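Common to both upcoming complexes is chain A, partnered first by chain B, then by chain C.
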Partner chain A sequence: MQPTEQAASVRDADGHRPPPWRDVRVIRVALQVGFVAAALGTIWWLYSNLANNLARLGIRRDFAFLDQSAGFTIFGSDFSATSSIRVALWVGLQNTLRVALLGIALALLIGIVVGVLRLSSNWLVKRTASIYVEVLRNVPPLVLIIFFYLAVLQTLPGISDAATPGDVMVVSNRGVWLPWVELGTGTGAFAATAAVAVLAAMLVAAWRRRVHDATGRPHHRVLWGGGTALVLLGLGYLTLSPPISMSIPLLEGRSVTGGALLFPEYAALLVSLVLYTSAFIAEIVRGSIQAVPKGQVEAAQALGLSSWDRLRRVVLPQALRIAAPATGNEFLNLSKNVSLGVVIAYPELLRVGRQAIGNGQPAPQILLIVLAAYLGVSLVLSLGVNIANRRLQLVEH
Partner chain B sequence: MVSWRRSYIMVAAALTLGLAACTSEGDAPEDPADVVDDDGDSAASADSGEGVLDQVRDRGTVVCGVNDAVPGFGVTTADGDFEGFDVDFCRAIAAAALGDAEAVDYVPLTAEARFTALQSGEIDVLVRNTTWTATRDGGEGASFAMTTFYDGQGVMVRSDAGFGSVDEMGDTVICVLSGTTTELNLESQFSARGLAYEALTFEDNDTLREAFLSDRCDGWTSDKSQLAAVRSAWPEDEGGPAALTILDDTLSKEPLGPAVRDGDTAWFDVVNWAVIATIQAEEFGVTSSNVESLAGSTDPETEPELARFLGIGGFDAGLGLDPEFAVDVVSQVGNYGEIFDRNIGPDTGLGLERGENALWTDGGQLYPPPYR
Partner chain C sequence: MAAPSAPPGPETAATPPERRVTPARWLRENLFSSPSNSLLTLITGLLLAWALVSFGRFLLITGRWDIIEVNLTNFMVGGFPRGQLARLWVAMAMMTIAVTISAGITSATAAEAAIAADRDPSVTVRERVQRAGPPLVLLFVMIVFVRTWLPLALLAGVLVLGVGGFRVGRRLPARWRGRAGIGAVLLIVVALTAISSFGGVSRDAWGGLLLTVYYTVGSLLLAFPIGVALALGRRSSLPVVRAGCGIFIEFFRGSPLIALLFVGWLILPFFLPVGFPTPDLVTRALIIFVLFTSAYVAEIVRGGLQSIPRGQLEAAQALGLSPWKQTRLVILPQALRNVIPALVGQAISLYKDTTLVLIIGQIELLAVAQNVTQQEAFIGQGYIAETLVFVSLIYWVGSYWMSRESQRLEARLGVGTR
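Here is the complex of A and B:
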């Protein structure tokens, strides 16, 4: 109906059209088309400018360099100097994701806890959480990263006199070696046991659910199911040959064998980004909890729910709905801030890209790839956040 | 109705695209015009019939592209003067060409800008820690004169770590500064020796320094002259310079020398022989303190080579220079050894030994062509 109304609106009483330059429809269309064309034209002009200048300087514009062997190594990876630039950038992206994904999980966890604690009725807990938030969110993340790297982790003992607390780990400024599990001989049999245990747990959980539905007694299905699985797994572990063995790091002179190594560069970047982002998430969580209508809490109190059940079953589910979009932004921030690792030699994507540029690879193409990769990561993350958000929203009938 | 609207869209699109195309076509010819302008400028200064030497003499100064931030090689002093090893060679060139070592206009240049400045004729000669390489000789259109400093990529370690040479550095962590080809040299040298290592690549020198200070890495690799500068400034509470050792191994060749534009051999000769004169003077034992008396007392009969070098007896090699140019260079700037000792030698902050930069008679690389 709208088009005809619009069409009618531009005719005068006698049904005559105004001339095109005063026709509001024509003006609207022309403006939009003009804007799009101007935007495209600007992009095209910028590109041709770049292309002209690169050609004038004799700098290549193709992407054939991606298949050349890199000639450099990447810290903390098996990447060999004979592998291609393409692989180098891929290793860099993996290192970026390694910080981003674990960082997001940890920041969310800490953020929720601190956010809830900020609303605690205990004065000490509340103040401590406030100080945590106010200190961390008011410091630039780059300062945090450099602080953790140089002022915290680099002051650990050197490798020759590294600390070995309990003889199960090695702590030095070259990294912390932790005891780690290694797959043993009985892995296959144990995997089968694990599958049986999971199946049994699901069956038990379903049975408890039915009991609950039939009798109204609390189902405790997590407790029952988990217990079943644990018992079965324990039996399997004791009877079958051990599926895993512990690898304990051993310090010999200046080198360490065994264990799993946590690089100081990785640790400093992860810890600072998690702390920084969790402060923002905590604020979002606090705000969202306070945004849950007071009547909801009062109703829960009236029902006699415990404070834990009030939080878990009434407040948090509703607060989560409010917090989701803003928290998603913090995830994006964290994943982009991983590029700050460039200053402490963490081999994330930008660092590897710059390494390649420093060793004679073309800068425009590599930076374009880095740009596209970060854009891709952010888009995938925001897609995930949007899907989660849509599922969380109240469905209005 | 729809076709009516579409026609407007098409008209508008055509108009706007046409406009966009016009503006960018209008801009496009400007770029080549700029290029022509640049070329015109450089052509005017470089190829206008008279060579750089004539221009320098007309102008009365040598325009010398230098570094202003590398201690020992080229730095700006508190009162705005320039000093350093490279700067002294600018002065030697001015002394040879004009007879006055102070007739130099210094142009501090960044690493990226240096060859553009040389190509465009903004400077007459580039003396700025510049490594003589094939692509610079070819693609950048530069001609390199006699090498003034044989540098090389080295590895610095903590003295107490017990590394005597690079061969002992298997399973180590090496700190590198990003943005140079240092990593490529490191990789090729270590893999050639079959040594496992991990390179920790830093973005800036300060973080790298802190990491090395706290023993994050076993070695720090860079040009030896740069490592020496770091070592000389090592904090006393960390043991001072003695706490660090620069290994003798050299991972790459970095011959540093003055560069001029391709195509002016007369000027190239001047620059080349100004450098050679300082080395030759050291070989002859001619210093800034004895050059005047030697010039007055040397007998062409008994010491013909020295006499030719000092321009006694009217010997002119045909370099387009004053026959006594070597006297001007040595008396005003000094011989190679004096320049070295004054700026980067053992008694300076950098504390570099002569090493490769000793005279050939002392087992070094400095081998001046005979002056005859």
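Here is the complex of A and C:
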């Protein structure tokens, strides 16, 4: 526990060794051995208690239950009650990731916008953005989830008299059906055309770059490259059979055909977590922008950059570097908070695990798997954040 | 006040002339500086006006607040036996004294730090109003909903005690501060145990805001020493200790709290010896909160330890202090002072996280908001919006106020500016 023991000398001036109980090296080893013994002892004690209790209650300690049939269904997936627990947990993990990944993207986007708006020169915009932040980040996320689920989505009309705004979507308390694209017959050919278009655009951009390097004339590579891609894509779209078609949801009595269904549980969880996390990210973005030295902005002004270019080319790239670690933390928080979906029965990993436990599967193993999966997600995310962070820092040199 | 300032000299003549800001000029500069800015103002203004008007309509016209009025006691204490409420008032008075004395001490310390760093320690009237705002709003709402006089009189009494406690804390001589702080912590512990002990009410019958406060305060008090120990362990020179503490911290920081609460709910009893009496659910949840919070406290304290310049440690070594005394007398006091704002942040997040116990079947504040809508008089009429807005207000005021105070404290302690 003491940070400063290693500096002591082992022998005194006369060459005598100190007695072992005053020898720093001995003390250090003894302390560590003691620590390991205490830690292992505690773990062993806990584990043996667990084993005894499970044996007493007749609960198995192996993982064979994973291959048993689940006996429950998961809405929003083609998972059937006869599939195994293993598949059920896998579906749960997918549902967790579905909210986590989209949520991270949306929260980042909204967070950056609100964070920038908090520093707007427009007083009203600034105030509105700070109201957004202060209201959302001081309310528990669970309150938001329950609010959106019970007080907003559950008060929508029932399916038989659902609202159909603009005749392009169906809004009911069983979910919201949105217009969606469906792949048509020409998809493969069109995808190939698109690949060719992207390749051509890159070549054209590279050519313009060379022209610019050689002659100093403006390269306009985005304009040239984008134009090439658009022309090729347009030609492909006109000549090939249509690659995609719109599917408009249609309400017939109590059923809806076409479109894509947005489940109320999914929508409530996603919206709440995005709003909650975006408020924190906005604060991080604001702090990081303010941490960029004022001289940078003034230099950009002196160069005659427009306010948009100042933000995009000078301030944000530097602020990003400052904001990266804290923002990564918020990503982790969001992905862990997906487990709150259990309260509105969104079938994420923990909810599926709970259903399995309710069906008589052993709780210790299930919770171990759930915890390990969430730890794994955290680990992968923080690894990604660390890599991104290191890359951002490298730019500096 | 008497803040030391630069001596009057030629600089004073160079201060820019005072600008007169007329309302019209303010509007032009802040809202309509350019056509695009004017458009932005217009759009934001309309959106904001719409939001405020709908919310105001809900608050004043369409909201049916009788459900709060009828159930106010349920929101505060859940199923706590009504005959025993006197215990809660006594506990509340004790905790108020403890908290306000500590607040007074902190305020005095911060003012001294401000003077030492050449900053103005005085508090303007405007600042006082801003600080008092959020709790006053909550107080006002409570007064609106309370239907009898007794609670109001008791509340006034508690407020008087609070003001007195703050004044005492402010004026306490510096050498008594440490002891008074320990005393305050002990007083809180006694207050919380007195509710359930001595023929009191078992914690399984607690609910509402009482349970929320219990989890927040209880876990913070217990998690703090564990967190400090973990932080010291993680900075230890012994690699095994460092690794062990690191694994513990990262495990609890990487796991979702609700999954850990499931562990506490379903399998924590299995970890106890066969025949050991199963602790009640509140204790199990509290254990989980403590372990989880201690991991976060450890990381915060580690940040504080890292912020202490190496010279402090070397000076302590040069004085011949033992390693334990180096840590206890030189490093920790400075490190902990630096992380007070971050610790308040952790308290806020714990306060919000207590809502999770509703998932394992405890009737805390948010669960009350759901349950009262199922009462015979209110079921099926969509009262959930009203109750959720009410409890949101309680959560919001609590965490907004704490975060404001911690920002203020951060500025006054001069964290990061020394």
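Just so it is clear, the second predicted complex is superposed on the first by the 379 of 397 C-alpha atoms of A that agree within 3 Å, B and C clash if a C-alpha of one lies under 4 Å from a C-alpha of the other, contacts with A are read in each partner's own complex, and residues count from 1 in each chain.
We adopt the following convention: contacts are C-beta pairs under 8 Å (C-beta built on N, C-alpha and C of every residue); 3 or more make two chains touch, one makes a residue touch a chain.
Only a predicted model underlies this, so the values are computations on that prediction, with no experimental measurement involved.
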(request) Would you mind checking whether chain B and chain C clash or fit side by side on chain A after the superposition? (result) fit
(message) Under the stated touch criterion, which partner chain does A:V343 make contact with: chain B (first), chain C (second), both, or neither?
(response) both
(message) Which partner chains sit in contact with A:F75 here, chain B, chain C, both or neither? Use first/second/both/neither.
(response) first
(request) For A:A105, decide between first (touching chain B), second (touching chain C), both and neither. (result) neither
(request) State whether A:T155 touches chain B only (first), chain C only (second), both chains, or neither. (result) both
(request) Check the residue A:I146 against both partner chains and state whether it touches chain B (first), chain C (second), both, or neither. (result) both
(request) Once the structures are superposed on A, label A:S255 by its partner contacts, choosing first (chain B), second (chain C), both or neither. (result) first
(request) Considering only the touch criterion stated at the top, classify A:R56 as touching first (chain B), second (chain C), both, or neither. (result) both
(request) Take the Cα centre of chain A as the vertex and report the angle out to the centres of chain B and chain C, nearest 10 degrees. (result) 70
(request) Based on the superposed arrangement, let me know which partner A:L379 touches: chain B (first), chain C (second), both, or neither? (result) second
(message) Contacts for A:V26 in the overlay, against chain B (first) and chain C (second): which applies, first, second, both or neither?
(response) first
(message) After superposing the two complexes on chain A, what is the shortest C-alpha distance between chain B and chain C, in Å?
(response) 5
(message) Output the chain A positions appearing in both contact lists, the one against chain B and the one against chain C.
(response) 3, 49, 52-53, 56, 146, 150, 155, 342-343, 354, 357
(request) Spell out the part of chain A that touches chain B in their complex, as residue ranges. (result) 3, 7, 20, 25-26, 29-30, 33-34, 37-38, 40-41, 44-45, 48-49, 52-53, 56, 58, 71-73, 75-76, 81, 146, 149-150, 154-155, 158-160, 173-174, 254-255, 264-265, 342-345, 347, 351, 354-355, 357-360
(message) Under the stated contact criterion, what part of chain C meets chain A in this complex?
(response) 30-31, 33, 37, 40-41, 44-45, 47-48, 229, 232-233, 235-241, 244, 251, 254-260, 262-263, 266-267, 269-274, 313, 317, 323-324, 326-327, 348, 352-353, 355-356, 358-359, 366, 370, 382, 384-385, 388, 391-392, 395-396, 399-400, 403
(request) Spell out the residues on chain B that touch chain A in their complex, using ranges where they run on. (result) 1, 5, 8-9, 12-13, 16-17, 19-21, 23-24, 27-28, 31, 35, 139, 171, 173, 175, 178-181, 183-184, 187-188, 191, 197-204, 207-208, 210-211, 214-216, 218
(request) Under the touch definition given earlier, write down the residues of chain A that touch chain C in their complex. (result) 1-6, 28, 31-32, 35-36, 39, 46, 49-50, 52-54, 56, 120-125, 128, 131, 134-135, 138-143, 146-147, 150-151, 155, 332, 336-340, 342-343, 350, 353-354, 357, 363-364, 367, 370-371, 374-375, 378-379
